[in-house]
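Structure incoming, see below.
First chain written, first letter: the chains are A, B, C, D, E and F, and each begins at residue 1.
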Amino acid sequence: MSILQTLILFSFLLSASHAAVQDFCVADLSAPEGPAGYSCKKVSAVTVNDFVFSGLGVAGNTSNLIKAAVTTAFVNQFPGLNGLGISLARLDIAPGGVIPLHTHPGGSEVLLVLQGTICAGFISSSANTVYLKTLNKGDSMIFPQGLLHFQLNSGKGPALAIVSFSSPSPGLQIVDFALFANNFPSELVEATTFLDDAQVKKLKGVLGGTG
Amino acid sequence: MSILQTLILFSFLLSASHAAVQDFCVADLSAPEGPAGYSCKKVSAVTVNDFVFSGLGVAGNTSNLIKAAVTTAFVNQFPGLNGLGISLARLDIAPGGVIPLHTHPGGSEVLLVLQGTICAGFISSSANTVYLKTLNKGDSMIFPQGLLHFQLNSGKGPALAIVSFSSPSPGLQIVDFALFANNFPSELVEATTFLDDAQVKKLKGVLGGTG
Amino acid sequence: MSILQTLILFSFLLSASHAAVQDFCVADLSAPEGPAGYSCKKVSAVTVNDFVFSGLGVAGNTSNLIKAAVTTAFVNQFPGLNGLGISLARLDIAPGGVIPLHTHPGGSEVLLVLQGTICAGFISSSANTVYLKTLNKGDSMIFPQGLLHFQLNSGKGPALAIVSFSSPSPGLQIVDFALFANNFPSELVEATTFLDDAQVKKLKGVLGGTG
Amino acid sequence: MSILQTLILFSFLLSASHAAVQDFCVADLSAPEGPAGYSCKKVSAVTVNDFVFSGLGVAGNTSNLIKAAVTTAFVNQFPGLNGLGISLARLDIAPGGVIPLHTHPGGSEVLLVLQGTICAGFISSSANTVYLKTLNKGDSMIFPQGLLHFQLNSGKGPALAIVSFSSPSPGLQIVDFALFANNFPSELVEATTFLDDAQVKKLKGVLGGTG
Amino acid sequence: MSILQTLILFSFLLSASHAAVQDFCVADLSAPEGPAGYSCKKVSAVTVNDFVFSGLGVAGNTSNLIKAAVTTAFVNQFPGLNGLGISLARLDIAPGGVIPLHTHPGGSEVLLVLQGTICAGFISSSANTVYLKTLNKGDSMIFPQGLLHFQLNSGKGPALAIVSFSSPSPGLQIVDFALFANNFPSELVEATTFLDDAQVKKLKGVLGGTG
Amino acid sequence: MSILQTLILFSFLLSASHAAVQDFCVADLSAPEGPAGYSCKKVSAVTVNDFVFSGLGVAGNTSNLIKAAVTTAFVNQFPGLNGLGISLARLDIAPGGVIPLHTHPGGSEVLLVLQGTICAGFISSSANTVYLKTLNKGDSMIFPQGLLHFQLNSGKGPALAIVSFSSPSPGLQIVDFALFANNFPSELVEATTFLDDAQVKKLKGVLGGTG
């Protein structure tokens, strides 16, 4: 076709393209954040590396109290997820290790076991029903949004799982850390959980809590 | 446990915590606002007082034309509500007072009577059905999003109600104020409502409208 | 105007009205439920009483372990709320009573104190920060979605509060009941919370748990 | 390729296809409706005609009180729109005709003038600001969700416009019909709008209202 | 009423108005953009012209390869649409012209034929079913979100259609331009589409692609 | 505590529990489906197995034209995902294999490489920019909603990846199958893609298309 037609075609292309700024919204972590997520990086500054994250290839360090590690690929680590309603994390759980009872305030989680054996469960709020399952390699399990759940290595060797969330920023609230790893006054912890003073003080000691 | 373990535990805690910026998004009323709400105040600057509002404890001044007052706890008064899909208001209605026919463009409303007797109603758009009810202390009523509704003190004493909205910024559009308290040209008001010129001029006079 | 015009006008009215079935969707609690809520009751069968609920006028019975009661006006009690993104509840808390540490998996909560003094708080997931406040009559506080929070009567007399939620079915998950009021095996409770066996068995005894 | 490969390929095709039931959800108007819309017609029963609607090609009858007609292509007329967040309507306005002051409780509207001259406007709820514009062929105007607005033929000939809505079921609430075309008791209309009794009775007479 | 009452009334008006900033959010195209859209222009700077767009009155230039033009009224051209979930475009298709196979990643499309005859179709992802229809003036057709579709002038004269989208920024991805109008390496195009090398090189030549 | 207290406590528990039907909504695949998903299975009939899926542990059969297989864990295979905004799939790609150019109309995808080397890419709609990356074990990449993308085994051995989607039913539309594996008339394929007749006929032959 003629040069003219090509130019006309491209101007068409260009004009149409104006609408597509929202193909994606890579997070500019230094710009204002709103209820829907971070501000978008300028498209002209976006590269393929904004859509790639390599942090999940490295095993987390499980030499800690819980003998487990959660390595997150949430929007703060993986800016390309901003506004797209999804994120990932890897769970490394050594023998005897556990991801303690916790919730994700902002999303549902689906777990896929890649190695080892994991005993997982969640509790419904409707009737406090406990849904428990021992999961082996290749098994996946869904933990509905906001419900208390846990994962525990019930096998002999290390366990590895990949978890996905229905939010780029699902949050992670571990009950023990919420109660015992901060300055939550012991008498309030006790009054709102019915735990004994000795128990509370003991776990505050372990988890570095005060008050 | 050893200091080392504690440190490792906390680094774990810290890394996991990155995802939870979106636990809440307290409005920074001076920063850019978007379709989903205001920009978030930095978490480090947030205090418990951002999540507390005391303005609903004071009765509104009902010495006015409508013998009623609406005291709002919307995101502009209560920044902690930003992005959380909820807000509050208190209605004080003196004997003979009324919250005139109005809509909330941005959300549904549920009302709870705390004192007195309120005659409330809304009109459906499907068949212009009028849903009317006299509500006493302890009664609640839902007004579905965007539909015309009103509340009227049908008792002998003052009435007090608390209303909740399914948006931090539901808006409030009172039909009389939309028609008569601005510069909406009388001939257009008349042409689009079939009201008589004298009626329109009279109410513009009362409500301070021009044109 | 002529009869003819009236008929024409009404046929217009009628045709336009077809679109407004979704003014509201009163729950038919006996029909299929989906992710967005219950099926809608036929509009022809809907009456104003579907939009009114009177259950919040009666104080809950606080003669129980927690010296408190939660009376819910969620969609299952108040079908008119279906699909409208809001619900209510009343909290009655006797002196020394408490609404134990809990979450609402499905929505945010805003509380308004109507009587007495309430010490309330929530814990963020980002850094386990505790946001604590003593609330008096007229004070309101927001508890962001999914975060652990509590309310405790810190006054001398009874306390009464109205809470609103950003969902018609927010759920209520009380940590103690999730751990101790069901058949959650003690060894799993202990492994996922680090609580001592004696503590777990004691609270299971109090709350009627087994295993 | 071999027959075998073809079969394998197709079984792959088939298994992958299971996920796509939600390509669309053509409304089964006779099945249960929920907050998100109607139940879906079985995909096997869906034909291209479910995605096509021809009703907007015919001019509405403007021989009525308002000298105008609204012909809707909402989900009840056009089942293929179900769940897709969009709908259409055509406005025919004879000289001197008007689409009276109204709102759409469920969505925003964008209007495009195809013929004639239309004076359109909406009123904000924030400060009762009136946004007025005379629109000619080819002009489009947006009316934000839930705000009072109108369209009036301000030209000499007939006017035609196409309007789109951000909902398959936006609703249409005309203030006059909500006030005067039903059994809304006159004294309540007067108390909640400050209109004079004579005015209310007069318009109830015109619009067929009672009470 | 007295001046005092008027003042009191207006202060009421003012206080209530604080909640309605979100009546609309006119895009400030120069301010930060987030996942939900652009930042809002200050209400004080908003005029009626922000809600009006006149670009759809002019026929697009169809003197190009596809003998067609898409003129968009998306948020980047029509800032008043920001956050309102809707946008428009006009399609001009000369005889023999076509809007090539494309998708809108961000929304559903409904098309209304204003002039001429258009053969339109979309393909489902569930079973690759082709839904084809020849549309005449007055016919509308819905193209569900994200599915491949096209419009082709199957008449003798020019065709004109108005399309609406369920997003202010639906995007437009034309398969040919995605494959052949950029630097997508030919061997990758061939490997992922099974097209022959000659075919790929030929179309890259026509559409200005490289690699 | 006394039996009485226990009973009172449990009645409290019971009444509160009414709100939590929506903890989850396990799909009843035989009941009506709506725009938000399937109807919910009765909670009393739900077991832990509704939340567990084991199909991702088995490698897909790659003895086919594309030398690849997609094994989906979408809501139709994994009913517990219904309404929770997430799903999974596994990709098995033999050496030389490819997941051909495709889109997911209903959601974004994030991929994690578990084995081998994958060359992946997507094309933006804004400027037809190609974002290409070679991914190794442990690398993850996000493909924003609705955009054309592909995955190709660029290594010597088999490749395995787990993909997550931001929808329980994201759909999968492969361009080649949409064009060539159905009865899409060749002349229409050619007119809307500019492909040569011979090319179209050849691929229809390979993929079993007609017309």
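Throughout what follows, a residue touches a chain if its C-beta (ideal position, glycine included) is under 8 Å from a C-beta of that chain, and two chains touch if they have at least 3 such contacts.
Being a predicted model, the structure only gives us computed values, none of them experimental.
Of all chains, F has its CA centroid at the greatest distance from the CA centroid of chain B. In terms of their C-alpha centroids, the spacing between chain C and chain F amounts to 34 Å.
Remark: chain C and chain E have CA centroids separated by 41 Å (rounded to whole angstrom).
Averaged Cα coordinates give chain D a centre that lies 20 Å from the centre of chain E. The set of chain D residues that touch two or more partner chains comprises 13, 17-21, 23, 32, 34-37, 84, 87, 105-106, 125-128, 132, 144-145, 147, 171-173, 177, 181, 206. In terms of which chains touch, the assembly is arranged in some other way, matching none of the line, ring, star or all-to-all patterns.
Taken pair by pair, the chains that touch are A-B, A-C, A-E, A-F, B-C, B-D, B-E, C-D, C-F, D-E, D-F, E-F. Residues 13, 17-21, 23-24, 43, 47-49, 51-54, 56-58, 73, 78, 80-81, 84-88, 107-110, 112, 114, 122, 124-128, 131-133, 135-145, 147, 162, 164-166 of chain D are the ones touching chain E in the complex. Chain contact summary for the complex, chain A toward chain B: residues 32-37, 60-61, 63-66, 69-72, 74-77, 87, 105-106, 167, 169-174, 177, 181, 206-208.
Residues 98, 100-101, 103-106, 119, 121, 123, 125-130, 132, 144-148, 150, 152, 171-173, 175-179, 181-184, 188, 191-196, 199, 202-203, 206 of chain F are the ones that touch chain E when the two sit in their complex. Residues 1, 4-6, 8-10, 12-13, 15-23, 25, 28, 31-32, 34-40, 82-84 of chain F touch chain C in their complex.
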